[in-house]
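What follows are several structures.
Here subunit A shows up in two complexes: once beside subunit B, once beside subunit C.
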Partner chain A sequence: MKDLLDFYWQTMKTSIIVQFQYRAANYFYMIGMIAEPVIYLVVWSAIANAQGGSVGGFTAGQFAAYYIVWTLVRNMNIVFTPHGWEWRIRQGQLSGMLLKPMHPLHNDVAYFAGWKVAVIIMWLPIAAILVVAFRPELNPTPLEIFIFFFAIWGAYLIRTMVLWMLGMITFWTTRVSAIYELYFALELLLSGRLVPMGLMPDWVQTLSSFLPFKWTFQFPIEALVGNLTPEQLWQGLGMQALWIALTYASGELIWRAALRQYAAVGN
Partner chain B sequence: MPPIIQVNQLGKTYQVPEREAGLGAAVRSLVQRKYREVKAVEHISFEIVPGEVVGFLGPNGAGKTTTLKMLSGLLYPTSGSATVLGHVPHKREKAYLRQMTLVMGNRNQLQWDIPALDSFELNRAIYGLPEAEYRRTRDEFIALMEVGELVKKPVRNLSLGERMKMEIIGALLHKPQVLFLDEPTIGLDVTMQRRLRQFIAEYNRRTGATVLLTSHYMADVEALCKRVIVIHHGQLLYDGDLSGLTQRFAAYKTIGVTLDEAGRDVSAYGEVVETDGALVKLRVPKAETARVTAQLLNDLPVSDLTVEDPPIDDVIERVFAQGNAGPEAR
Partner chain C sequence: MSIIRLASLFFKVGALNELQYRVNFFIQLLESGVALAVGLIGLALVFNHTTELAGWSRPELLAVMGVHILMGGFIRMLVQPNMQRLMSDVQEGTLDYALTKPADSQTLVSVRELRIWQLVDVVIGLVVLSAAIVQLQEWLSVWQSLAFVAALLCGGAMIYSFWLILTTGAFWVVRVDNIIELFDGVYRAGQWPVGIYPDWLRTGLTFLVPIAFAVTVPAEALVGRLTWPTLLGAFALAAALLAFARWFWFFGLKHYSGASA
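Let's look at the complex of A and B:
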């Protein structure tokens, strides 16, 4: 365990060092990413104002809170892309990882976790600007802040492992783009990324409860800005823990099959 | 001494999708995929004892890299078995991975954007190396490779040769007992090749590590390996001493005779392989060398005469060209 923690610390440190070397690129990337939630925010705020101040129980200020917190959650959700597996195999990077006594999943979790630390630091001034511009209604309790802190990392872990599983399809076929696009379309609709799930039809909300998407977006955001009861907050963390366990177990099964399939091609 | 590497009838067969060119073939391949079998490695067997440095030779596509990948645990064998350090490689047990390394030439495993020192630190954490022991080993290797100033530069700013030095250091920090080196000197200049060979030899001497090395540069093999294993079309052709390779596959000598004048016809004495003014090189069967030498000295005005074994490159080329089955037992 001590060695594993040391590995995580060293890898996160390395990731932070690398990301601070590319701080300009990271800032431009974050600013570009802001466009998406700002558009949603402007549209929904306009709809809320046109409908007497609120829509679906959300005021303009609550939409602002939702989408500003969205920007942090979105950054926390950025993990190793499934598209990267083909590159990783062809460049020989995966072979290099397999030769070491450390599961490659730990490398990805640790590396991107370090990246998050750098991102959170860089996000703060952007969040401050958005708060001044859009005046969100945000008064979280200490419990909500506490749960939120763990929920964003829970979201990060769930999405890491779901996209890992998706990416491992590459071991069997490289014709995977369509599968990925389908996944991302579903995620957009069922996670709360496009619109707060409370505004979706009941059947969509029910469906999303049985899928991991909501626990990577909606729940962390709601934990901070929503009106969840303490019970719902703890239950949400419990659901995230369950999805982490499920996705990890499934991923491990697929990984073992993938290794048997692996042809170690490339450089 | 019990072997540290045991390979028994090891084989690897790939199923490779096959399709013809053209739109029609592309559409047909959607519903009816054709496959062909590629036997990359076929029933090879050998043993290596601790401390040996063995050259693993073969032309491109012979199965060398596939064999190394099976022995390092990257690939599952299709048939046969292998044990290295008492472990089955494809099980990829941590205890095994901590004791071996596979270095592939021209492959970058270090972090591109940061100094090599930081990547070494990461390797320390991956292998769980005690701090003091790691620093001692790291500093020893840095001194051996003479890269004291270079380790502080981002890897992307290093030349190919400098990067390769760092790769080797990074790959050996955990002091593996078994090294699989797949063309480690490829693309390097002569000086760098020599430096790497010296480092490998020194590492072998200091630690008693076992080395299985593939290379297309015979200078690597001649400098490091007493024993070679030759593989061709996935099968073993030869396993034995490097000198025995010459005896088995190139039973001839090259006689270089410098005459007083150019233009003489010496084809009666042997196969003329080269003529350069008054210097003529003849290839003669080994058993005939003494007789032909005596005849040349007796019959012709010879000003100089040399007798040489064929260059090892020529021997290897003949081995590949013959492609005979049946390894010679040690």
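Let's look at the complex of A and C:
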């Protein structure tokens, strides 16, 4: 256990240093990403204003708060992609990783967690500019801030596991990009990334409560921006823990089945 | 004339190359279908809560979406792949092979790649546009159609010039591949008419990145919102950008010392 913690600490430290070295590339990437929520924000603020101040219970200021917090949650949602797994498996990179006496997943979780620390620090000035430009209404309680802090890491872990599972499809077939596109579209609609789930028709909201997506996006944002009761906040963290356990367990099952029929490629 | 012959020859080779990979057509079809569905759902969500957006009705916004998809297909079919190849050529020093050919260098670097399957998006864009016109329930006048085609050509020329200017920057800073992601992000803004954005953003989307002229203006022509001054402005700006891009390309070439050999 101590070795594992040590490994995490060192990997995170390395990744933080590396990412600060590539801060220009990171900023380019983050600025390109800002366009998406700004578009949603402008559209929905325009609608809220045209409807006499609010739509679906959101005022323009609340939309601003939702989509500004969105930018941080989106950054937390970036994990090792299924395309990366595809590449590892197709190129035979995985063979080398399997020789190490540790599950390859640990390396990804630790490396990207370190990256997140760098991203959060680099995100602060962007958030400041967005706050000045769009004037959000945001007054969180200490408990909400506390829950939010854990919820973004919960979101990070759930998405890591789900994309790991998705990437493992490559063990069976190498034509996967279309499957990924389909998955990302579903996630966009059912996670609260496109619009807050409250604006979706009822049946979509019901559907999304049975799926992991909203716990990676909607819940962390709402924990900070919305008016959840303390009970709902704790329950949300519980649901995240449940989904982490569930996705990890099923991922591990697929992983074992996959390794059994993995024929190494490359050197 | 030789420019057109050169371009069509390269396009033929590019198309033949891509036609070998027929499965890619179906993958492209599926991906474009998913993107279209997401766009339509977004539009439906908006009109679940309102009847018009900044003065635009639903069929009018559908027309904007159609132009956005169409122009996006054109960019990914022709502009982006060529500029990407140019970037990597500058990085690796292989641009020398193109420069030593006895043809106009700007034409040559602009026609070497052709992603033929992106035509799927061009076709989908046209289908969406036709659906929008049917829903508008108004016949297009000849002038409107002509203005639409003219505005579309101007918009395409501006996007091409914009890309070429940015890519030419590679002669000085070498690594510019990040602008692809940056452009993709900003291009999404064109999905909605630029009139809905706050002033500072609208100005940026009009003059910094010519997305207003590439998407909103042609759509305006189609739904009968276009005024003559805007169309003339589009002409003038397109001509100016094309001329500047050409000048800047040769200016950049003078500074290029080559990385190979």
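Assume the second predicted complex is superposed on the first by the 263 of 267 C-alpha atoms of A that agree within 3 Å, B and C clash if a C-alpha of one lies under 4 Å from a C-alpha of the other, contacts with A are read in each partner's own complex, and residues count from 1 in each chain.
The rule we apply is simple: a residue touches a chain if its C-beta (ideal position, glycine included) is under 8 Å from a C-beta of that chain, and two chains touch if they have at least 3 such contacts.
Worth saying up front: this structure is predicted, and the values here are computed from it rather than measured.
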More subunit A residues in contact [subunit B versus subunit C]: C
Partner chain(s) touched by A:Phe7 [first = subunit B, second = subunit C, both, neither]: first
Partner chain(s) touched by A:Gln21 [first = subunit B, second = subunit C, both, neither]: first
Partner chain(s) touched by A:Tyr262 [first = subunit B, second = subunit C, both, neither]: first
Touching partner for A:Leu99 - first (subunit B), second (subunit C), both, neither: first
Set of subunit A residues, in rising order, touched by both subunit B and subunit C: none
Residues of subunit A defined as touching subunit C within the complex: 25, 28-29, 31-36, 38-39, 42-43, 46-47, 50-51, 55-56, 133, 175, 177-178, 181-182, 185, 188-189, 194-195, 199-201
Touching residues (chain side subunit B, partner subunit A) in the complex: 14, 69, 72-76, 92, 94, 97-98, 100-102, 104, 106-107, 109, 111, 113-114, 118-119, 121-122, 124-128
Touch list for subunit C against partner subunit A, complex: 23, 27, 30-31, 34-35, 37-38, 41-42, 45-46, 48-50, 52-54, 178-179, 181-182, 184-186, 188-189, 191-192, 196-198, 201
Interfacial residue positions of subunit A with respect to subunit B in the complex: 3, 6-7, 9-11, 14, 17-18, 21-22, 92-93, 95-96, 98-102, 259-260, 262-264, 267
